[in-house]
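All chains are identified by letter, namely A, B, C, D, E and F, in their written order; residue positions are counted from 1 within each chain.
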Amino acid sequence: MFSVTVRDHMMIAHSLRGETFGPARRLHGATYVVDATFRRTELDADGIVVDIERATATLRDVLADLHLRNLDDVPELRGVNTTTEALCRVVADRIAERAEAGGLGAGAGGLTGLTVTLHESHVAWASYERAL
Amino acid sequence: MFSVTVRDHMMIAHSLRGETFGPARRLHGATYVVDATFRRTELDADGIVVDIERATATLRDVLADLHLRNLDDVPELRGVNTTTEALCRVVADRIAERAEAGGLGAGAGGLTGLTVTLHESHVAWASYERAL
Amino acid sequence: MFSVTVRDHMMIAHSLRGETFGPARRLHGATYVVDATFRRTELDADGIVVDIERATATLRDVLADLHLRNLDDVPELRGVNTTTEALCRVVADRIAERAEAGGLGAGAGGLTGLTVTLHESHVAWASYERAL
Amino acid sequence: MFSVTVRDHMMIAHSLRGETFGPARRLHGATYVVDATFRRTELDADGIVVDIERATATLRDVLADLHLRNLDDVPELRGVNTTTEALCRVVADRIAERAEAGGLGAGAGGLTGLTVTLHESHVAWASYERAL
Amino acid sequence: MFSVTVRDHMMIAHSLRGETFGPARRLHGATYVVDATFRRTELDADGIVVDIERATATLRDVLADLHLRNLDDVPELRGVNTTTEALCRVVADRIAERAEAGGLGAGAGGLTGLTVTLHESHVAWASYERAL
Amino acid sequence: MFSVTVRDHMMIAHSLRGETFGPARRLHGATYVVDATFRRTELDADGIVVDIERATATLRDVLADLHLRNLDDVPELRGVNTTTEALCRVVADRIAERAEAGGLGAGAGGLTGLTVTLHESHVAWASYERAL
């Protein structure tokens, strides 16, 4: 099993809903350092898991839709409690959509899985892993 | 599959038993930077893997029993060769006991697994993974 | 010259004022990983720069006033463009006030300087250095 | 499941073959910070996954054959497009050969798997995972 | 004193000249993770040290001239022994030239100094500090 | 001004003396990740601050005298309260002695200063800076 990971980040405001979150129910924010890990069983004819330039561009594009925003005001996230865990899935699913639409190139058909990790600080992070 | 990780540390003295360990059989010490990763298949009703405040507090409490101690003198570790690997299991099992006793909250029943990683330096670390 | 540094973090929302900031004029947020570095020429009688427990507690207390807040709504910051650089000074000045009020202990009289660094991502950080 | 990881690095020149690589087809280079992770189900009689001194020495020896070289001129790599992913496999397979030849000690027979990760920068890395 | 730092990287091949360098006289390569730190005594009217977007773009542009190259073949570096230390000065001087030519914006006139750090691995780095 | 830094580590046991240290008066331990930074005004004829192989070897040798030891039993440290700060000076002074004895090579005569940083965890570190 092979994997390739690329890293980028986004800086957002949001508030969380539910008793569990205590003071994090207030409007606050986070820098998420985001790692996207692409997996495949065997390398393609070029000897790669994925074209790293395309993977980097895809991650950047997905994050650009959320970067420097207040997530409480983003229509597509209405109804989502934007926890770090939930945002991992949002980012992963958006990358997967782009992969399926050809955004990672033709060779990306051999990808088998994707993990997205959001680091919210030096002492806490979350991940979501899915098939591709 | 989702996961959440929290990080803390402990600073201990110990000595290792067995020819394999060479000079590490002498009394020496380590800072262990400790990561505890909690896993579950789906998020709970709040959109989380685990209440991060409780996860952080549980890890801190487990480490507090070992922090600033000479592990050679800790009665509960008698008979344990306190390698980094073995300490990963000690920390993981103690977190699991607290999780089962409700220390992570009612929602923690949905947790499926736990990994504990101890970083002993910038060039070496160990992990232990178990079910919950 | 000796120094001791302690690290903590805060997660805030804010918006920036001025053409220069482009999309960062929108409400967004950041995790700031914060390092406070204390300096002195010679060590005190205990062989330390500062009591690390007190330094850690002082940093945590200063950050607690800003953590999980929208800085645009914090009365004491009215009139401050809360750039990373400006927040370095806010944090440093508040630590200095507490040091002068005895919050770092009697031995802290020998401290000569303080630097506060705020890491806003894995690719950008700012610092402010002042005398004590 | 237990694991132990050791880290080292190598600094190499190379060029990549294929349209996909754009300007990386030119002769350039990389520092690879290399992590080798050894796995086993249960700890051995000493309470370890692998003798960390032998693991460290094995990784260093494998990297020494590539360190400070132009990989385009290394005979054993003729025909290999030396992408980060492909180099992960080269390093892992060479460690596996040494493990099978006894280089990790007799106790290493209980090892079940190996993952090699090459970090090519602060924003990109690749891994290869295999059985032992 | 305030500072702002931005990080990027470049991947180059080169060889070093002189007995001192032993096997590093062979053609090999490096990833340099590069930090550029800008200093000024007081913040400008926007509350910043430097426009971080311009600083990031300037660093990226300077590195783009060297990234994915064999430095032994770069005409402007003829006669330079491209040690990590020497490359720090090359990068810093090129950033300084662009700053003087207005590339960091009008407000950059207040900058007083610049430090460039090149990390060649997880265990070695070099810096060059100059006035602006 | 130029600098070069090399990193290594040591793992020690010790106890601290004085009311200030609370539970750290008990025998415990630490991994210190140690950075030694060498400074000089201009590069030497080879284009370097210091021969990095010799700097690395010197740091390793100095740490080898303390690594895997209980500092409470090290005769040369009798009377030293082995705080992180104090150990920075011990390491720096021993490196300086070796530099003066020629251990860094003839070219090291141009070195002007040395800083030693000991990281005791991911959230605390100390430094000592001296002339050479």
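Throughout what follows, a residue touches a chain if its C-beta (ideal position, glycine included) is under 8 Å from a C-beta of that chain, and two chains touch if they have at least 3 such contacts.
Note that this is a predicted model, so its numbers are computed, not measured.
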| item | value |
| --- | --- |
| Neighbouring chains shared between chain B and chain E, ordered by label | D, F |
| Both-way neighbours, i.e. chains that touch chain F and touch chain A | B, C |
| Chain pair showing more contacts of the two, B-F and A-D | B-F |
| For chain B placed onto chain C, the superposition rotation in degrees, Cα atoms, nearest 5 | 180 |
| Between chain C and chain A, distance of the C-alpha-averaged centres to the nearest whole Å | 30 |
| Euclidean distance of C-alpha centroids - chain D vs chain F, Å | 31 |
| Interface hub residues of chain D, defined as touching at least two other chains | 7, 122-123 |
| List of chain B residues in touch with chain A within their complex | 1-8, 43, 45-49, 51-53, 56, 105 |
| Of all residues in chain C, those that touch chain A in their complex | 7, 9, 11-14, 23-24, 26-33, 67-70, 120-123 |
| Residue ranges of chain B touching chain D (in the complex, touch as defined) | 18, 20-22, 80-86, 88-89, 122-130 |
